[in-house]
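In the two complexes below, chain A is the common chain; its partner is chain B in one and chain C in the other.
Let's turn to the complex of A and B:
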């Protein structure tokens, strides 16, 4: 037994650049990395709220800053990121929920994903109509 | 062989611990017909070209879970993946990722087996039953709550798809956590509290970061990512409830 054990020399493969190995992992890493921009946008909105509490002049200053070219470029990038996250969020959603049964049959993951995306799009369109 | 025989180049990762310092790819020319699986290609190599090649297999019909391997970089069962899908390109075959290589395509599975035993993958009855009580009955609705998670064949493809397991082998991993959920969700079972001590731990459900590739590669549609992530909410509630209503004894 010991002789056999001695001959064993299990080879452990390195995990360097593991996420480049498969397109699925690349998409996952894009999702994880761009969530920083999602958080950044929350900070931008919070700063706006803070400036609003400081009076009209402060709030107008914040609005002016938003109109600058770097800000517009950033907003376009963040919009693209949000569209990707809109999809990835609802794609993962069925995995995070307890199984739902309708008439004794499991509700398919696609139904949950597409319902979520549809609701999000409709709500956004309504908000846009109200704002514009 | 029949006239319709084609020849495909199979690149197989070799590692012979007694002579190789590290693994390397060896190429074999394998004649095949359209109905040949990758596993059959490997069997041809073993029988006719190079008897030193080692790989695990048994049933040839996707139920024993032995022939999991990386085929062109994807975790797949050798027996249900066909050579014709790769021809005329070559096909690269390697041992399952994230496990140490024992030899050639054979990986070390001790860690998996130990963890599998650790979650008590059997029904722990709520109350001791006697034979006179007869069958432990269940409604179809109760069965559906766990049926999907009970079809796991322990092929470990989900482990080869899980970077969290590759980065931290202490993580219990997708397949076994799905089995934990399978028994916890069984109406006949009363072992949830025993199993959830591990479930709540960082090596349990919280080690998962929802990459969800495990569910993509599962040949039996177990959906381990769902089994794991639907437990996080309960685990979080459990964590806060214990401040309000301590259940004692470190639970």
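Let's turn to the complex of A and C:
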């Protein structure tokens, strides 16, 4: 693919920042990027698990770190990202699952998305109630 | 024919994505905001004795592992595909990092949860 040796100089469509060309691609990239903070949250919990296995003093250190302002600000950002994940997960669900037919008609994408989002919101509320 | 490991990674991705949608926001709010800041919830909720007790029984161990491990594998597959989207082609190095790290974390999580 070296441009110098090729006398034909064929047009190669540039792929730099391709995802900025279309708002659809931008939304796709935001959805994919949520994974970075999902991974970060899993690592925070993993560290908590390690500290818990090391005993009370170690675990208290982890809890103190969670109480710091930067940590709380970070978790607010992580919370927003998880909420976006919740929405985007069910937004693409009609495309990622097999088609469902009801009375010979394809189940509309909106029905799948809104059902999924509703179920997820209910489950989250139940988890909150259990944890309190 | 060489068996593909894609279905395994994909099912971990799907399970992790579903779990992150169903319980993720509630968990992040409780463990990262409400309990540490003491707003709406007591800071006592995550005290050592309570969490160690939770991690002590097998159901607690499974819940802890499911959240950490499935979230990690979900993220791993997306990050792996994101590298491709940014023009970094999926070679052995990218695979080693994107799937090796979550594998290490999975082994560590199982080891640590069993130590409690």
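Operating definition for what follows: the second predicted complex is superposed on the first by the 120 of 132 C-alpha atoms of A that agree within 3 Å, B and C clash if a C-alpha of one lies under 4 Å from a C-alpha of the other, contacts with A are read in each partner's own complex, and residues count from 1 in each chain.
Note that contacts are C-beta pairs under 8 Å (C-beta built on N, C-alpha and C of every residue); 3 or more make two chains touch, one makes a residue touch a chain.
In this text, all values refer to a predicted model and were calculated from it rather than measured experimentally.
Chemist: Mind working out whether A:63 is in touch with chain B, chain C, both or neither, as first, second, both or neither?
Modeler: Touch status of A:63: second partner only.
Chemist: Which partner, chain B or chain C, touches the larger number of chain A residues?
Modeler: Of chain B and chain C, the partner in contact with more residues of chain A is C.
Chemist: Which partner does A:15 reach: the first (chain B), the second (chain C), both, or neither?
Modeler: Both partners, chain B and chain C.
Chemist: Just to be sure I read the superposition right, which of the two partners does A:106 touch: chain B = first, chain C = second, or both, or neither?
Modeler: In the superposed model, A:106 contacts chain B only, not chain C.
Chemist: According to the stated criteria, A:95 is in contact with first (chain B), second (chain C), both, or neither; which is it?
Modeler: Only chain B; A:95 stays clear of chain C.
Chemist: Of the two partner chains, chain B (first) and chain C (second), which one does A:45 touch, if any: first, second, both, or neither?
Modeler: second
Chemist: On chain A, which stretch or stretches are contacted by chain B in one complex as well as by chain C in the other?
Modeler: Looking at chain A, the two contact sets intersect at 15, 19, 96.
Chemist: Give every residue of chain B touching chain A within the complex, in rising order.
Modeler: 15, 17-18, 22-23, 73-74, 97, 100-102, 108, 140-141, 144-145, 148, 163, 166-167, 210-213, 215-216, 223, 225-226, 229-230, 232-233
Chemist: What does chain A use to touch chain C in their complex?
Modeler: It is residues 15-16, 19, 29, 32-36, 38-39, 41-46, 48-50, 52-53, 56, 59-60, 63, 66-67, 71-72, 74-76, 78-79, 82-83, 85-86, 89-90, 96, 116, 119-120, 123-125, 127-128, 131-132 of chain A that touch chain C.
Chemist: Chain A touches which residues of chain C in the complex?
Modeler: It is residues 14, 16-18, 20-33, 35-37, 40-41, 43, 45-46, 48, 51-52, 55, 64, 67-68, 71-72, 74-79, 81-82, 85, 87, 105, 108-109, 112-113, 115-116 of chain C that touch chain A.
Chemist: Chain B touches which residues of chain A in the complex?
Modeler: Chain A residues touching chain B: 7-13, 15, 18-19, 21-22, 24-25, 28, 92, 94-99, 101, 104, 106, 109.
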